[in-house]
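For reference, the structure is listed below as structure tokens.
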């Protein structure tokens, strides 16, 4: 997870609107979907002022704003809704942890969207995007850093005219959007789980083909994922305590919290497995070392006494009677063979070969 | 635990009925048991519509539906009971964690059934099956993925005419079904405990015969088991808070929660032991290495100086007076013997042999 | 801890009376002590029916039943007291975790008694015995698996006519019995603590005399002890909430809970020490390896160049002028001595010798 | 974190004013800022008595006192405000953990300010400074050990005439001051995060260039940072429960608590990564050892048998027929080449080269 | 911490007065301080009965009883105050964990006093002493095992006539006594922290000079200290809930609890550092091994092929044409030099030298 720059905001007035993310050149894009049970109009507008106007309609509106770097426009837009400056800061500050907070009649939900890609070496790479969902009496406004998000499924459902989402009002739409984000967490956890399973299978079969750095990277991604997913559970608690919450939406929030809990538990299970893999890996390193040392020990130990014997009879003393016997050489060779065989037998008994 | 595919459901409408398990070709089977204190009728029906009819009887009915892949039939069936779409999703989504939730007058309990088998190499293999228990005013409907379950004991008790189960109503039957599931967890934990004890005994006697991968696999199974067992405790809390809960069943739920707690504590104890075994194993690897190195060190260190001496008197200098003395050879051999014995003594004093 | 057989009870009707322990052939023994402030009668009876009769007396009775394998007699006895079938199951099922539960006017307390013995190699061996204390308006009934228990001290106090225990009624007697059990935990923890201290002293002085398996066994026993002791604290919470609890007994329960907490904390402290000892042990293994390798390295490294030199002048080239100089031999020896001394100095500077 | 001297205060009367920090010679400096929505006067005064006078104004005053070693002046000043002696002790005792406590109408907030610098070897060095914020009906008094603090940003905002801070009263100013402190924690965490990321990148590429001591130091700094940051969260809970808390400031405190939580979670994530790095490092040490041993094993094992063969034919027995055959030498060399090549092949098959 | 003998008390009647500490021969000493705002009388008495009399005075009395082994006198004394037998047991049983409990109008606080000394090898040694503080309407009675305690500072403050302690009554005096005990914990933690810092500095500079056993001992002392300090926090919770607590003393108890929390957090921080040091140590062992092996590998690997070559030309075959060429010897030496230099280059490229 890119550690967003605390230094960008440190020292600013609390509630001062500053964008802290990495996409500082993203253009601004505003997509509006206005719908009721029967009709749905989708358009892209260029002016946030215009967006404000369409909120006066009796239909439910979803205004999706991309490009958090356009701080001034967003701030002006938020002020028009009398959104608390702290909420604006949360929308723009990409390091805000997931939360849900009521500001008067509006509810702000902040969460990180997540995507998983694979780099050239097939290592998983996590990609987080800061997003906020502001839900009011007749509208939902969403804020995100760049194009591409977890919400196409929601758009598809709206367009398809699924009755529940078209008729259940902004609270349900906000829920559906957060649900789509949590769904993506589940997808990512599942994908990382598959990476972990593959790694584990390799470790169990041919441990030397797994590098500790791969395990480490997996561990780090799980750590990052957990850090982003964990506060979503808490935020749902806060949301459920909201007074204005539409009663029909409550069971869906309960369900979503179960879902988020499941994501966190799956992450924890994978982390536990990864810790186990590190033990496996270290053990396999020790194992390999043991094997290497055993080869050296057996060969060296078997030959060292023999080499000594050859040296012994290679000495140049004048008076070495054995050298001059007829079968001295064969006797020496016999001794060596016996020593060698004895050594082998001893090693075998010790379990070293 | 097969990581069921979050990707199958991600992006679907919440509450959209999709089966996410591995048994996508299982046929559908519906077994009905209708009973009261005096009579019990068991039959297998082919049509869920028919199942619906038999619920109007004054007897208690247990409808057991196998084959979650028949999504449409199940959805239609559930709609007829006005079961909340989220409950239907929970019934079909095999990655739902254990839970108990009230939907109007009905209570839905979700849990994973567990079985333990052993593969060709006698390694334990866990097998989970997603199951749901829906308890209403006069019926219990159960859903499971495939044939074979934890519930034969309940069927036997019903057939045997045990009074309590025949007369205590659907709540008690639902309890008895969950109790049977938890009983299977206890059986599996006990079996894994025996595997752990055997492994431990081997490790303590002949550590080199245990491979770290066996310990790792045991650890993973305990992790998976814990992940499935843990939420059952929470689900019992939710169940006990249910308004409609029949008072006679309450002490049984308390008892079941104690039982579930006991399962989780036993898992934790075994996990702790397994972590200890990893230490044992790593220590035994180090130990073996020490032994190997000691052999090499003793042999090499004893002979290296001797070999040097033989080399010394194997040099071809013209002027090497020792070579030409009468007892030079014997003196050299004497020196070597002394060096060897001195080395031995030194090693013994150092505790290396 | 003997993992008692979940498979014995799995599939039975909840509340079905089955004995799951290891003492399946123990005879049944019923000892009755009837007492008030002034008199105390002790006798052994053979018939539980008779036991029932003596409960009608105005005195307080303590009926101590040994031999849980006599399931039918015990079940009949319990039924006569209208003890809930689940309580009967808890009394007989040796894997029930410690708990206190009210059943109408009776309170059932379940706990494991513990004893420590030492095997032939002076390793500590834990021995658990399942016991239950049922306290009613004028009686206490205790159940245990076999002869020998933690309660002789209570019997002695009764016989000695200690006023408080003779006059404070069944609640106090039940407390005194549980207190005696917890006392034994404290004694066992203390004994294991002494084992740990001795092991630690040995590890600090002569680490190689401690085997990892001894540390492991200690760790396992502490794990088992904790698993048995931990739920006793919870059970005291439940007991203290009991409506029928005699107010004079309450401060004693508070005190007992402090006592149980102290036992658990002491176990945790010892576990922490044991984990530290494993580090000590692994470090000592590494240390020993380092020493071994150092010996090999020093000897081999010092002699290898010398041996090369002797080989050099042992070559049989015709034209090797050094061989024919007068002092070539002495010069060669000088070179060797210098090389040797230089090597020694280098090693000393590197801190290797 | 300098472990401040508990021994300085031990044995003193509770509430006895003693300065326990490291800056015992700091001069005293008192800076006063008096402001309302329209005017702002900044001055430095020399006498705390004078400071007291300016508190009678209708404006809000911020009195910033530097130099906690001037114990008497500070004590006298505090007494004039009827500040509880325990609060005075907290202000002066640099080892007080972060807290917020009400004393009558005044609120005292204690926290450590943090700064990060880098030493000559580019290792991060944390620097903590004890600070206290006393907020009353119309004033805020701050106490700090030495010049240089986290509060220049607040001063700038006051001077810039930002409306909210100029008009929201002392509670908001106190909040802004604590917020500035927490901002600095976030900056430090981010900087340590960058150090960790760089270290991690190096570890993954060229593990041998990272020394364990660097990882250890990073771990220690994160531990210290966590110890200082953790109680700030608790102190915010206490503050929010304060009766006198101005309602407009409450959402800011909520936000600040989220912020502090985020800091602690980021520290925990980095700590987790650092623990992973230690595994990486140890694994790389093992890896290097394996490589070293492999080189030795391959070379030694290949040559030892060859050297034995040369020794064999270097023996001086009279009767060694091979020596006198015509192609004996070439045959011997051939044998050696075959042995060598065979050894290489064997090593390759074993995966050792 | 001396594991006090649970076996001394096991089996005794609860509340039976037994002294379980190590100072079984300590004489009994009773020191009385009677004071009010104006006068203070200190005397030593020999008879506890006399002590009882002086409690009837209107002054506040502090009766300090040393020598818990005088069980009968203490029991009689306590009975005269109608102290609950369980409280008497807590006073005498040295393994009682810290607690505060009300007995009617009296409050009993139990805590371990701690002292740190250094043994001959400058290793820190902890020394705990069981102490109890009994606070009543007009008196404080303290019990301790032997001479020497944490309370001289309190005596000095009383004698010095510090107003608050002379006029605030027994509750405040009891607080001041516990505060003095906690102060000593802080002093000990600080001293252990300094030991840890020194150890850490040595480890970072010259890791081989630190022995794992020193780190282990430090870890154990921190574990023991934590076990004694942890329950003091809980006991303060109980004390604060006391109905009879004098309101002026309450803020002091809050402050003391912060203080105790700080002590526990400092212990935890040091424990974390110590765990880090163990990693450092193990890593340094591996490092040293790597170095040793590298020396051996480099020397052996460089010389082994050379020695082989010398052996080759030391063979005694008749037909070895190279031996008889004019420059064969120099050519052989050249080959060796090239091999040596090539080996060096290879090692340098591999980073092994």
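As written, the chain order gives the labels A, B, C, D and E, with residue 1 at the start of each chain.
We adopt the following convention: a contact is a pair of C-beta atoms (placed from the backbone, for glycine too) under 8 Å apart; a residue touches a chain by one contact, two chains touch by 3 or more.
Here the structure is a predicted model, which is why all the values come from computation and not from measurement.
Engineer: Can you give the shortest number of steps from chain A to chain C, where adjacent chains in the path must touch?
Structural biologist: The distance in steps between these two chains is 2.
Engineer: Using CA atom averages as chain centres, what separation in Å is found between chain B and chain D?
Structural biologist: Inter-chain centre distance comes to 41 Å.
Engineer: Roughly how far is chain C from chain E, going centre to centre by Cα mean, in whole Å?
Structural biologist: 25
Engineer: Multi-chain contacts only, two chains or more: what residues does chain B have there?
Structural biologist: 282, 286, 289, 293, 296, 300, 304, 307, 311, 314-316, 320
Engineer: So that we know how the chains sit together, what is the shape of their touch graph: line, ring, star, complete or other?
Structural biologist: ring
Engineer: If contacts are counted as defined earlier, which sequence of chains do you get going round the ring from chain A via chain B?
Structural biologist: Traced from chain A through chain B, the chains around the ring are A, B, C, E, D.
Engineer: Where on chain C is chain E touching in the complex?
Structural biologist: 152-153, 156-157, 162, 164-165, 175-176, 179-180, 183-184, 186-187, 189-190, 193-194, 197, 200, 203-204, 251-252, 254-256, 258, 261-262, 265-266, 269, 272-273, 276-277, 279-280, 282-284, 286-287, 289-290, 293-294, 296-297, 300-301, 304-305, 307-308, 311-312, 314-320, 350-352
Engineer: Would you tell me which residues of chain A are touching chain D in their complex?
Structural biologist: Going through chain A, the ones touching chain D are 3, 5-7, 9-15, 84, 86, 89-90, 95-97, 99, 101, 208, 212-213, 216-217, 219-220, 223-224, 227, 230-231, 278, 281-282, 285-286, 288-289, 291-293, 295-296, 299-300, 303-304, 306-307, 310-311, 313-316, 320, 322-329, 332-333.
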